[in-house]
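Same chain, two partners: chain A is paired with chain B first, then with chain C.
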Partner chain A sequence: MHSILQRGNAILAYTLSVLACLTFVCFASTVLLNYRTHADLNTVKVVVKNVPDYSASREKNDLGFLTFDLHTDLSHLFNWNLFLYLTAEYETANNKLNQVVLWDKIILRGENAVLDFKNMNTKYYFWDDGNGLKGNNNITLTLSWNIIPNAGLLPNIFAHGSHSFQFPVDYTTSRMVRLN
Partner chain B sequence: MDFINKIPTHMDFEGQARAEKLSRVIITLFGFVGLVWGYIIQQFSQTVYILGAGFVLAALLTIPPWPLYRKKPLNWQKAKGETESVSTSSDSTKKNKKKN
Partner chain C sequence: MDIASLFDDVKRMNKRQFLYQVLSFGMIVSSALMIWKGLMVVTGSESPIVVVLSGSMEPAFHRGDLLFLTNYPDEPVRVGEIVVFKVEGRDIPIVHRVLKLHERENGTVKFLTKGDNNSVDDRGLYAPGQLWLTKRDVVGRARGFLPYVGMVTILMNEYPKFKLSVLGCLGFYVLVHRE
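Entry: the complex of A and B
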């Protein structure tokens, strides 16, 4: 004879099995969606300084400052939440590929996902591990995002569209750089 | 404690079968409806809540031993007289000893 506890256990176990099936259907309904879209990027003001990097070697390294424009509509990309990040990619004598994340943003579901930023400051320092920024004429900014799903994969998506710019050939020496 | 022990908790066999079948139908139905509704409004959380409601309903309907599940109790053999029962019980203990 099944006792009350056994009946309760059977119902709970069956409910959890059904929940697992529903979650799988949710995953299956989103796994083939295309999460790429266009993003327009532009840089407004770009300077480079040569200052001691106390967080690393204390030697003088190149530190880039820039402000950027960003215009994109991500409102159709939502599964659950979005995590955006802006990456600078460039090549130096030391390294074939350097990638520095300059800025990021979390957009929760329901928040405004039509982004139109003008003259934004970066969120993180643009340090090079040497003197690779001064006069570097091919720095590429790309926007990428993580789709945070209800269930399923956690893809890293690169936006269509990027922006390349160059750093000035001279260091800026003023102590305060006013970017805006 | 006597009062608690006197609360009936058993179902008969057919009642158990009905209870299990009913609970599965309810939970499956709520899960399916929840999935369709959640897909329509694109909110998986609603699917989970509706499934949870199905679980609560199924628990209320099929965990307590409602009279519905006790309609066909088994007809147990009547208890035998005192002397007879003593002899049979001693017989069975002897048999058990031999087996061991």
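Entry: the complex of A and C
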């Protein structure tokens, strides 16, 4: 006859292999999906200041402020959790590539995934690593997302459509600019 | 089950058979080690599989989730990626997302990270005076995700007695039972 140990072992092994199979099917059923879609981006208000960055080097760095419009419909493309982020990408004399995340949002499954923001403030400060924002005429805003599946790969995907803008050639000195 | 019957198999073995059992036990241990080292070669990461230990990346990763990492030198770090990095003076690597990145002409990169569930960036977690991470600090980049499986490791690390008893039982079982 089979002992309790053998029975327990069999049950545990069977449960684990069924779970592993299910997880694999879960992964396989989503691995080939196309997660790209369009996003409309626009900047509304853009100013740049030159102020000491107390969070880093304490030197005077360029600090950009902007508000943006964002319209996109992500509801048809995801069934998992999404991590959305808006990146500003640009080139300066100091650095060949700068990427700064200005805003992000977590969308859980079941939540509203049709986004329509008007005149949104950024979530993070747009600090440059030096003084490369003033008069910079090619800053590209892109929306991307990182898909967090039940199990499987963690792809980072760019939206179709980006928006390029330039910063003014003069620093703003007024204290009226706020970032909420 | 009778305890004495556990040893029945052993009693019936001669010296050679017992030695064979010990060898097959050694085989299991060494193949586990080989798989780990092999993964290190394939992924280029010094620690290809990590367990998430904190809730700082919730709701993406919870405590006990398993992450598969790669760390290929020619693959650039980009904003939005989840990196696992080591900080001087901390034993446990941290899993957080890249928030800002500046890359120079000669390819040197510095970047800042933040946990999804934290309200501020990671400058407070870095070594005193450290403002940026560089490629040297990176252990790997998260590529794959498996939920809950790492809970076993967490249990074992938090209750060393549990770990010892599980390992002891498994070792005992392998030694005592004949294939």
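The rule we apply is simple: the second predicted complex is superposed on the first by the 173 of 180 C-alpha atoms of A that agree within 3 Å, B and C clash if a C-alpha of one lies under 4 Å from a C-alpha of the other, contacts with A are read in each partner's own complex, and residues count from 1 in each chain.
FYI, a residue touches a chain if its C-beta (ideal position, glycine included) is under 8 Å from a C-beta of that chain, and two chains touch if they have at least 3 such contacts.
Quick caveat: nothing in here was measured; it's all calculated off a predicted structure.
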Combined model on chain A: chain C and chain B, fit or clash: fit
Which partner, chain B or chain C, touches more chain A residues: C
Angle at chain A between chain B and chain C, C-alpha centres, nearest 10 degrees: 40
Which superposed partner A:A28 touches (first chain B, second chain C, both, neither): neither
Touching partner for A:L12 - first (chain B), second (chain C), both, neither: first
Touched partner set for A:L97, first chain B, second chain C, both or neither: second
First (chain B), second (chain C), both or neither touched by A:L108: second
Partner chain(s) touched by A:A151 [first = chain B, second = chain C, both, neither]: both
Which superposed partner A:S3 touches (first chain B, second chain C, both, neither): both
Contacts of A:T87 with chain B and chain C, given as first, second, both or neither: second
Touched partner set for A:A56, first chain B, second chain C, both or neither: second
Closest approach of chain C to chain B (Cα atoms, Å): 9
Chain A positions touched by chain B in one structure and by chain C in the second: 3-4, 23, 150-151
Footprint of chain C on chain A - complex, ascending: 3-5, 23, 55-57, 81, 83, 85, 87, 94-101, 104, 106, 108, 124, 127, 129, 144, 146, 148-154, 156
Complex contact set, residues of chain A against chain B: 1-4, 7-8, 10-12, 14-15, 18-19, 21-23, 25-26, 29, 150-151
Chain A contact footprint on chain C (complex, rising order): 1, 59-61, 78-82, 97, 99-105, 110, 116, 123, 131, 142-147
Chain B residues touching chain A - in the complex, by the definition given at the top: 9-11, 16, 19-20, 23-24, 27-28, 31, 34-35, 38-39, 44, 47-48, 51, 54-55, 58-59, 62-65
